[in-house]
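Beneath this line is the structure, given in structure tokens, with notes to follow.
Chain naming follows the written order as A, B, C and D, and within any one chain the residues start at number 1.
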Amino acid sequence: MAGEGCCSGGLRLDPAVRADARRRLLSVRGHVEGILRMLEDDTVYCVDVLKQVKAVDGALDKVGALILQSHLRRHVVTAHERGDEDRIVDELLELLKYR
Amino acid sequence: MAGEGCCSGGLRLDPAVRADARRRLLSVRGHVEGILRMLEDDTVYCVDVLKQVKAVDGALDKVGALILQSHLRRHVVTAHERGDEDRIVDELLELLKYR
Amino acid sequence: MAGEGCCSGGLRLDPAVRADARRRLLSVRGHVEGILRMLEDDTVYCVDVLKQVKAVDGALDKVGALILQSHLRRHVVTAHERGDEDRIVDELLELLKYR
Amino acid sequence: MAGEGCCSGGLRLDPAVRADARRRLLSVRGHVEGILRMLEDDTVYCVDVLKQVKAVDGALDKVGALILQSHLRRHVVTAHERGDEDRIVDELLELLKYR
């Protein structure tokens, strides 16, 4: 799952952002568990589930946005100085492709 | 969380779709836990986390698409017959707004 | 371009929505022409163009949303009564797929 | 429409990308005119129009992706060297916000 992008160049996710992302993902996990409980009810209504799925999606997007912002500020704007700009730009375009 | 949309009309999420959604959400939960473990590593690289967040987003979108498809087939195309078409359309537009 | 979806069943875009869509698309065309003029300037800045492209995208999405809303209200909620619900749902899922 | 982002720093859209964007936007304009003609037909079917709107949306997204790619390669990865990284990152986050 991890690792293949880790790097001799020492690019690391900022500790404060990492901690914030963990907090938010713990909340996402709790929210997913809430939907699992909803789905035990055989009278549950489609749209009520869809609203919760959409809310989790929004929470995940927020996690992604925080990490992306940190990556831009710390790693992307300095890529030419480090000399890894090709990799940095290709990775970013790949990530943004289906947003 | 649930309930407010549940309905005298008896609109219910199809049992097979409900079971499939549960299976997929259990996998989403496992994937979120995988990202939480990645985030314990203080050398983790931003883009590796972003790729996993994007993958979870895709899995959630698939859950939403399955439920939406079932809702369209079972409840939306029959709304005029039941007489609840205003509510059905308004709900749907609300859900699709920020996709 | 058109035609293949047109229909013995007589499903037609509502005249008021059609007129509104035309007005909005005329404005979209004008906006695209504005971007074309921007692009004649060899000092134009990437982000200024991207902002305009995004604005046009938003205007087009609004056109799509209006037509979708009308389609849901007039054709989708009555599909079971007409008996064309399979086609109606398949078309809709195809359209929503990459939104 | 233009101008406010143009820059003492001399950041300019790459001429080849500018030419490509113009070609593609001319095609977008033609496609919009095609939809306008469709909408003159009072029997036009909602979904046929929606398909064309979606196709234009896709073509516009491609224009945006090309300019974004050029902006990343030429201006973003060198922002720290120029010293305008705050502006560059803020602009980018603003643009990506609702994609």
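Operating definition for what follows: contacts are C-beta pairs under 8 Å (C-beta built on N, C-alpha and C of every residue); 3 or more make two chains touch, one makes a residue touch a chain.
Just so it is clear, the structure is predicted and the values come from calculations on it, not from any experiment.
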Smallest number of contact steps required from chain B to reach chain D: 2
Of C-D and B-C, whichever chain pair has more C-beta contact pairs: C-D
Chain centre separation (chain B, chain C; CA means) in Å: 25
Centre-to-centre distance between chain D and chain C (centres being mean Cα positions), rounded to whole Å: 18
Set of chain D residues in contact with two or more other chains: 68, 92, 99
Touch-based graph of the chains, sorted into line, ring, star, complete or other: ring
Residues of chain B defined as touching chain A within the complex: 1-7, 11-13, 15, 18, 21-22, 25-26, 28-29, 32-36, 38-54, 56-58, 60-61, 63-64, 67-68, 70-71, 74-75, 91-92, 95, 98-99
Of chain D, residues touching chain A in the complex: 65, 68-69, 72-73, 76-81, 85, 88-89, 92-93, 96, 99
